[in-house]
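In what follows, chain A forms one complex with chain B and a second complex with chain C.
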Partner chain A sequence: MDMKRDYYEDIRLFNSGVVLFWTVALMLVLFTLPLYAPNYYVYLLNIIMVHIILAVGLNILVGSTGQISLGHAGFFAIGAYGTALLMAKLQIPFVVALLAAAFIAAFFGFILGLPALRLEGPYLAIASLGFGLTITHIIGGVDLFGGRMGVKVPPLDLGISQLGVSWVLKTDFQKYYLILIITILMVVGARNILKTRVGRSFVAIRDSDIAAEVIGVNLTIYKTLAFAVSAFYAGIAGGLFGFILGFFDPFTFNMILSIIFLVMVVVGGLGTVSGGIMGACLITYLQYDLLKNIGEVPYFGAFMVTISQLWFTTVGLENFSSMAIGLIMIGIIIFEPLGMFGIWIRMKKYWMTWPF
Partner chain B sequence: MDYFKVEDLCISFGGLKAVNNVAFNVEKNSIFSIIGPNGSGKTTIFNMISGIYKPDLGRIVFAGENLVGLTPDRIARRGVARTFQNIELFSNATVMDNLLLGRHIHMKTGVFTGAFLWGRGSRAAREEIRNREIVEGIIDFLDLQSVRNHFVASLPYGKRKLVEVGRALAVEPKILLLDEPSAGMNTEEKQDLNIWIKDIQAECDVTILLIEHDMNMIMGISDRIFAINHGEKIMEGLPQEVQSHPEVIKAYLGEER
Partner chain C sequence: MPFGQLLVEGLAIGACYGLFATAVVIIYKTSEVVNFAQGEMAMFSSFVAFHILAVYQYPFWLAFVIAMLFSILLGVLIEFLFLRPAKHPSLLGMIVITLGAEMFLMGLASWKWGAEQKFFSLPLDPSVTYEPVKGMIVTNWAIAVFAVASTIMLLLYVFFKYTRLGVAMRATQQNKHAAKIMGIRTERVFSIAWGFSSLIGAVAGMFFASRATLDPAFMMEPFLRAFAAAVLGGLMSIPGVIIGGGLMGLIENFFGYYWPSWKPIVAFIVIILVLCLRPSGLFAKHYVKKV
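Presenting the complex of A and B:
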């Protein structure tokens, strides 16, 4: 039954009927979800999808290429500011502005990739951290970018104003479908990149850069390319994120955000597309929903508030989510280094061999 | 005549002259073996040929072009592939992916063509299928079918050595550098390897440079042998000549007092 008859079967998107079935089912759910989910959850799903784009992109860099980045909030900011300002100041159509902003982010990714040719591990982490901080400081200091007052995002108009065509997406409900389609395209794109020549070269650099060079992989090109691709994803994510928020300032893209992004990738599973997706879903949900409202959970919530006030912070649950996410990260690293992806694989194995 | 030659090759690490004034000539489609005790500079010569080390002096000429100063990936594009003494595989990738990586310089798919792998007809898919066919041929040749989709990290040592040979073959090299391919293999595997190396020479139109400690193997398959000790040439010649040369015996077995 598992006999393969064709080389294409190794690289195609749906490698069995079961996968195809569940993918179609998932798509049906995703495309009908806003019809019955409360508006708040549609908003939350939008943010989750934006984070999925970013986490999948960051995973290409951190998981597949083995280069660390603590500056992805910087690329995220470039995407958000780029899209919003190109549309507001230059009246550029949405799709063009989003792509242009993402390419600007990719260019900065390439720039950050240059020192990465010489730096490794903690040194690279510090360099990228500095990059992330610098970007937000520069943006905060330039009036053209709105300075510290922030930027009000123009309406999300899919039409082309120069031609008089206008198709404004106002509600979260409408934006949901736009973001969903872009997310699917980006995720499938990432999967394809990792399945073909460029993705394999990234993995080669991670596993043994000497061997990679000896078989003809140009380290300079592919390392900077990994940064650029990853920054491109962050740029697209940032551009969409701006429209969900409607307003942002430099503090939206702080250092903690960069770290949260890294947590998503590590918790989800390094080096796999589905890992990035799972990590982004879990961490975003925890951060935006569960941990914010944990005080309302009966008994347990009140207990946590008491503990939190006693030992950790005077403001109750304000800092609770950062601490909880830190604990999750430590737990994952100790007990399940492959992340949620590893848990998923083990579950799959268990059910495939059940009842043995 | 001068298909591949090394001239006056010197390199030193600090005060140690690892390779000193080494020169040799390799004929096309021959098997040229380099022997010598541990630490005599054999692998250093390979590292200089493949561009990992830059020699202090000397030239490495392949098909009329000096390879010294080129980066390893450019040297690979000129048709020089190698294996490593201590196995440098991509251990978190499957055997298939490792061999496909060997096809890197023969493929063109970039980020954008790769990202738009939509269906069988797309450019990325067509190139992928074509190269998978070639790699499948190598898997067949080296008898790796049973571990085709295994992760390299989970393979036994002998198989990993083979995968590395396979990856070098996937590059379709004109010069193939094999650094102790039989180390860590049992007798049976060594015999197979012996046959494979001969087959590779016959079928792939490739010149092989071989570093090896197994004298049975060396004497059986080499066309010429180059003996080196302390970074300096002892002698070069036919297998029989090298075997009986007093300096070689001295380097390997020590001197009678």
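Presenting the complex of A and C:
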């Protein structure tokens, strides 16, 4: 296998020609994909990419720093509401609004990180869960945020209205490229954070916070920083998600969404950037496409409809996705705790050492 | 609304929270798993009782007994099928398993009974009320909650103090490996704890269902409040949890009366404040981590 001989080899983005080749190939596919994918799939890809940003950010917190968060729907909501309202009410340009909303989310992440200094395990899970629900409840209760009626997102204008420059992205096709570029930047950013001093401090905290403190990692700074970075990612993802939906209300960001985010990270693989990406792709595809239309899947769909008619309700069949995701969560912990990343590593090892 | 009325209602709903929090605490004490599926287990058992009542038209006591037996079976099955096969899972793994069980049960219930709201009533006449002190109306529901909660608490106290199984459960909680060496089948103790906890949760769930409506998501909020009560009491001691439940009910009822729109988030503010100021809860001994 590959052995790192010095630090620069460890932080290098492409550590072999093979990786470089496949990365370029993947980029080519991604940048030309909307040309031959049907329009609906472009919409789905947009959602997948937003979830990738979020899952990669959540993985920094859960996988690399070892802090459990069940409140990421709250940060997601802050990003979505922040971006939409800053643009609609204050006429702030898109890029500034998105960054501002993400920094607001990061600030709230910092706030949540403060109790996390004293809490661990189940207590932290429940505190973050409460935090997420509180955020959505506050948003639903204040008229400035549209209350329970929700918010209609302004048009996605990349220009600066004060200067009279306007460049409105209308279709999913146009938004795809914007989201793709932001996603690539965020993923590369996450990968680089994990390779630096900060990322190594995160990993040290995960492995043993007391040992990390002994060797000189400042727990207060790095734990709250992990929450802030993760919330920043969630904020960016939320801001983009609002433009994909076009309209959202507080119920969009419920507790189930936080659980789904955690599932993406766990299913993909904890502590790796590629794990977050794989988990987000799989779970989003299952949730938004395959399981949502389970009745239309050949053979199996008809079978499920028959079962529904016999013993269950046909209107309730759409809830099959929640059942399936629940079983995936349990199955991945029981059979493959490393997630899809673990499967990938095992396959890679098998073929690299084949036939031994 | 007068003070006495708020007090009685707060205590009644608090007793319900306390009862449900007890179910959470029994599992946490024996196996150190926070059971996020507790609410959905209670929801499913309540739906079974509703189904028996509505479809088969059995008398209430029979439906109640069947639902109770079902809830025990459900708890044991979830422990046996979902938690036991996981080899040395991390804390996050345990949380993800119970969250998965929650999603699974919620999906199954929505598939079976649909997402619309149903009415589930206990055989208590809502028109009969008592007024022991002027301005303090006590409903049948509150009396039933107090009676059931205190009976269950008494039985639990006797169970943990005097029966062999109860002592075995306490031993398992204190030191799993030592308990195993002494001849206790700890896996079986975990199963029994899950069955017990599911049973108590289902009783509390039926009280919640009869107070509001029955739908697949109805236990989400009570579960979180009950969890807040458990955290208030320290997640480790059953008497602490009962007091925590009572406090939670009172705080919520008084707060909700003066600021109705903020009632749903009181629980979380209480959780976060308690966790920040006293991470191990109000009544538990302070927990110090060994390196």
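As a convention for this text, the second predicted complex is superposed on the first by the 338 of 356 C-alpha atoms of A that agree within 3 Å, B and C clash if a C-alpha of one lies under 4 Å from a C-alpha of the other, contacts with A are read in each partner's own complex, and residues count from 1 in each chain.
We adopt the following convention: contacts are C-beta pairs under 8 Å (C-beta built on N, C-alpha and C of every residue); 3 or more make two chains touch, one makes a residue touch a chain.
Nothing here was measured: the structure is a model prediction, and the numbers come from that model.
In the three-chain model built by superposing on chain A, chain B fits alongside chain C with no clash.
When the two complexes are overlaid on their common chain A, residue A:210 makes contact with chain B and with chain C alike. Counting residues of chain A touched by each partner, chain B versus chain C, the larger count belongs to C. Look at A:271: by the touch rule set out above, it reaches chain B but stays clear of chain C. Of the two partner chains, neither chain B nor chain C is touched by A:91. Once the two complexes are laid over each other on the shared chain, residue contacts for A:15 go to neither chain B nor chain C.
Once chain A of one complex is fitted onto chain A of the other, the partner contacts of A:7 are limited to chain B, with no touch recorded for chain C. In the superposition on chain A, A:189 contacts chain B only, with no contact to chain C. Of the two partner chains, chain C is the only one that A:134 touches; chain B does not reach it. Once the two complexes are overlaid on the shared chain, A:218 sits against chain B while remaining clear of chain C. An angle of 80 degrees, to the nearest 10, separates chain B from chain C at the C-alpha centre of chain A in the overlay. Of the two partner chains placed around the shared chain by superposition, chain B is the only one that A:201 touches, whereas chain C remains out of contact.
Superposition on chain A places chain B within reach of chain C only down to 9 Å, the least C-alpha distance between them. When the two complexes are laid over each other on chain A, chain A has residues 210 in contact with both chain B and chain C.
On the side of chain A, the complex with chain C involves touching residues 62, 66, 68, 114-115, 118-119, 121-123, 125-127, 129-131, 133-134, 137-138, 141, 210, 255-256, 259, 262-263, 266, 270, 308, 311-313, 315-317, 319-330, 332-334, 337. Those residues of chain C that touch chain A in the complex are listed here as 28, 34, 82, 85-87, 89-93, 95-97, 99-108, 110-115, 216, 220, 224, 227-228, 231, 235, 261-262, 264-265, 267-269, 271-272, 275-276, 279, 289, 291. Residues 7-8, 10-12, 189-190, 192-193, 195-201, 203-204, 206-208, 210-219, 225, 229, 271 of chain A are the ones touching chain B in the complex. Contacts from chain B toward chain A in the complex involve residues 50-52, 71-73, 76-77, 81-82, 84, 88-93, 96-97, 100-102, 104-105, 107-111, 113-117, 120, 124-125, 127-129, 132-133, 136, 167-168, 171.
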